[in-house]
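Got a structure for you, written out below as structure tokens; questions coming shortly.
We just call them A, B, C and D in the order they show up, numbering each chain from 1.
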Amino acid sequence: MDIDLARSWVQAIAAAVDQHKDYLTQLDSAIGDADHGINMHRGFSAVTTAVANMEADIVGAVLVKAGTTLISSVGGASGPLYGSAFRAIGKALDAPTADPQQFAAALAAGLQSVQKLGAAAPGDKTMIDAYAPAVAAFQLQVDSGGDFAAAAGAAADAAKEGMRATTPLQARKGRSSYLGARSVGHQDPGATSTALIFRALAETVAR
Amino acid sequence: MDIDLARSWVQAIAAAVDQHKDYLTQLDSAIGDADHGINMHRGFSAVTTAVANMEADIVGAVLVKAGTTLISSVGGASGPLYGSAFRAIGKALDAPTADPQQFAAALAAGLQSVQKLGAAAPGDKTMIDAYAPAVAAFQLQVDSGGDFAAAAGAAADAAKEGMRATTPLQARKGRSSYLGARSVGHQDPGATSTALIFRALAETVAR
Amino acid sequence: MKKLINSPETVLDEALAGIAAAHPELRVDAKNKVITRADGTIRAGGVALISGGGSGHEPLHGGFVGPGMLTAACPGEVFTSPVPDQMLAAAQAVDSGAGVLFIVKNYTGDVLNFQMAAELAAEEGIMVKTVVVDDDVAVQDSTWTAGRRGTGATVFVEKIVGALAEQGADLAAVAEMGRRVNACSRSFAVALTACTAPAAGKPGFDLPEDEMEVGVGIHGEPGRRRDKLRPAREIVATALEAILADQPLAAGDETIVMVNGLGATPLLELYVVFNEVATALTGQNVVIARSLVGNYVTSLDMAGVSITVCKADADMLALWDAPVNTPALRWGT
Amino acid sequence: MKKLINSPETVLDEALAGIAAAHPELRVDAKNKVITRADGTIRAGGVALISGGGSGHEPLHGGFVGPGMLTAACPGEVFTSPVPDQMLAAAQAVDSGAGVLFIVKNYTGDVLNFQMAAELAAEEGIMVKTVVVDDDVAVQDSTWTAGRRGTGATVFVEKIVGALAEQGADLAAVAEMGRRVNACSRSFAVALTACTAPAAGKPGFDLPEDEMEVGVGIHGEPGRRRDKLRPAREIVATALEAILADQPLAAGDETIVMVNGLGATPLLELYVVFNEVATALTGQNVVIARSLVGNYVTSLDMAGVSITVCKADADMLALWDAPVNTPALRWGT
């Protein structure tokens, strides 16, 4: 991964969020407050602008900028969580390029930072349920010799599976937890946007 | 007409209003504020109670009482208007009985009092459009030798016709006048309750 | 019908009991349905102000009873004017001998019932004058109608006249000021939804998802015409056009402006509307000297807004600023 | 969607412009989205109170900025917590050196964003303490949830703590009082209709004509359960049962009670509800020492009501009675 690829990744996320904005909001309408698509859209639109012409000499600079921008523009629960994730990922990538092993470690640092901030565990029906398996799948591919594209593809698939697996869960964190048993049967909006983020990574890397 | 008949008349009005309450409200909903049935029902329920056990030695006492009770319990436009009408009718009947000629004059006094208070002319789409033809028809029957029952029957028919004739009119008085041309095509609620009042008279007298 | 009530028949009595429980500064005469100030009435020799009208417009009128505003309010059944007995009882309760001013919104029912009350009060030796409020420019030609409706300007009349009465002005002066305030006030309203009167049980009219009623009153009746729903900016332009056509305003004129929610409109939206009104008026160099944004003259659960503009002179502005201490309007000391 | 707006994207900016135009006593920083008092900030050496949250709950929080209550408010997008930059800008604008108290409703988003702001402010050398309000007993077991939501008690905390700050108490004392008020306050809400967020464009949920959502929050989300619509008396019984189960009240206890409309509920109905609350509590010899009935913490155009009960001690009652001068709450001198 290099600086341009990092930039392409966040731009690809922005495009995906733009496309799936109403879907994310609709998911959040069922078990939340009907703003997740709007929040993500506001955030990644700002990110696109922020990273467009920025000078960067390390990969992480773009991602730290993305994270900081998310924090400053999203609000809600997802803003600080995704913002910290991208900041942590970026901080771990302090060179002009990153190899798959380094990127795996960075993704893990991002996950850790979300969990530190939000205190959610796997199974709580949050973005963690897509993020954690994605990180694990990425690492597994890298460890078994897979290249960046293979790792990112595996991560995207795992995130999607994790996202799907949130449907039968009862939420224990975030706004949907207020619904108690009524949160069962709905897919988590944050897990869904996390799946978009990893799919965007896979597609960017594969290009 | 004697005291018992007067009492029976207002009780028959109360019964008719009770039966047609929702219909009156529905008519008022189209071109007014959806309370005419409720208003009339509140008023004539109070009248029923008020005249139930009252001592009276003249016919008018019952009707004055009815009018005073309407004023004290109805509110809205119809309360003072019907209240004054019944008070005026009652004041004109200061004997234990009244013959058809006397009753015709009393009805006319009632009409005059409504017009003095409300300043509506025939054709303004108000209760006047049922009341005025009823009074005229009653008088006509009496003048041509008809008995009380015939006169009351003619009045009821005329009131009903007058009520029907309000439908194509544009309102110029009361709340429905605010609708301008949009009031056209709806039957006036007050003309409808007036028709009920004269029908109740005809049925009471015929019994 | 979705309402937080026990039964349509008991709404008014129970709401009055709630008002009594919530506002120790008010006294609620449940039998006569009269709301007065708990601390007696008014200062000795002062003119008493009595208003009233159908319920369903809260905080009007009960919420405006208190020092600097009304002396008494007479709530009728929902959307039905009160009966004369109420106003008579109120007048008897609060008259200091200096007389009472009836503040009446121009509806046939209200006018007739207050008129009967005035006659009854006169028979009891109480001096009565009446101000009829008729500010709604949606109702145009009074030879073809019952005359313009009384709506938002009622708040302006009650506040300004209340301050004058508090200063000890006599009945004639108080009534004259009421007429002046009314004469320089205009209102216009639009509704996005119909309201549901508890006893009627269903909305007063059906309104498609993309339409609004233009020129509505405050009793759930349809307006002058139906139109496609438009952006706030265009709605405000329509309302101001009607208001200014009837009462032109010149550069430098000072106004009191109320943007009033009809019941179900979020305050957030009322501020959006006020922004449009302010932009439009200040664009013509008209000064918004004072303003109210909120729910003051409602129409149960109707979604919509009314805009009232009063071209105020210095006297009126000074009286506006005078202290007022009521449940719904409170400032100064 | 029926809204008096120009576009979903511009609602917040335009509403803030409307607030600025309507309230000369407030200063609205449109760029940073911060509302402060126009007359500078607070008295020298005083603790500043900053609150904020998603928009759509007006008058909360901007309507509570003023002497005796908040120093600044940070409105987020509709139903979305503000971003840390807003609270940082607010803290920088109003800190007198005595520190700022963040009053935060307990939602993951609000808590995280205020937490980040607190870190940023600390880096700027501003002392910050935070009170998290979590009064909603509809959310029960915090090991299974994000913890109880913050709703109506926010008004109590802001008012009482605002009075204490005005008296010159230091940051620790002010924060401690905030925690005390929160600890003795409980809320419960029901909704008769869903609300529609402008950007979402349609109601958050479908609710049949004869059903209600029981135990809702203030963000348009469905409640704990759905139930048949019931008379006000039974709804109040359900709410008080939940409140009293969590915070028992004994005969003689003094309370501050708020019956709060969620946005589209007529004041007439709120008084009916308050009457039921008053009847129930006084039936148990619990004293309603102070009360609020009206729209204070709304949920856009949701029809429904929340009931908040604070078991208040003498300090709290005295602070409650202290003067307050904000757009939405005003009394004393």
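The working rule: contacts are C-beta pairs under 8 Å (C-beta built on N, C-alpha and C of every residue); 3 or more make two chains touch, one makes a residue touch a chain.
The structure presented is a predicted model; accordingly, all values stated were derived computationally and were not measured.
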Residual chain clusters - chain D taken out, nothing else repositioned: A | B, C
item: Farthest chain (mean CA position) relative to chain C; value: A
item: Distance between chain centroids, defined by C-alpha means - chain A, chain C (Å); value: 54
item: Geometric centre distance via CA averages, chain B-chain A, whole Å; value: 75
item: Separation of mean Cα positions, chain D and chain A [Å, integer]; value: 32
item: Junction residues of chain A, two or more chains touched; value: none
item: Multi-chain contact sites of chain D, meaning residues that touch two or more partners; value: 78
item: Category of the chain touch graph - line, ring, star, complete, other; value: line
item: Which chain pairs touch, all of them; value: A-D, B-C, C-D
item: Complex contacts: residues of chain A adjacent to chain D; value: 25, 29, 31-35, 38-39, 42, 71-81, 117-118, 170, 172-180, 182
item: Chain D to chain C touching residues, read off their complex; value: 1-7, 11, 14-19, 21-22, 55-56, 58-59, 63, 78, 192-193, 209, 212, 229, 231-233, 235, 259, 263-276, 278, 288, 291, 293, 295, 298, 300-301, 303-305, 330-331, 333
item: Residues of chain C touching chain B in the complex; value: 54, 76-85, 107-109, 112-113, 115-116, 138-139, 144-146, 149, 197, 199-200, 202, 204-205, 217, 219-222, 224-225
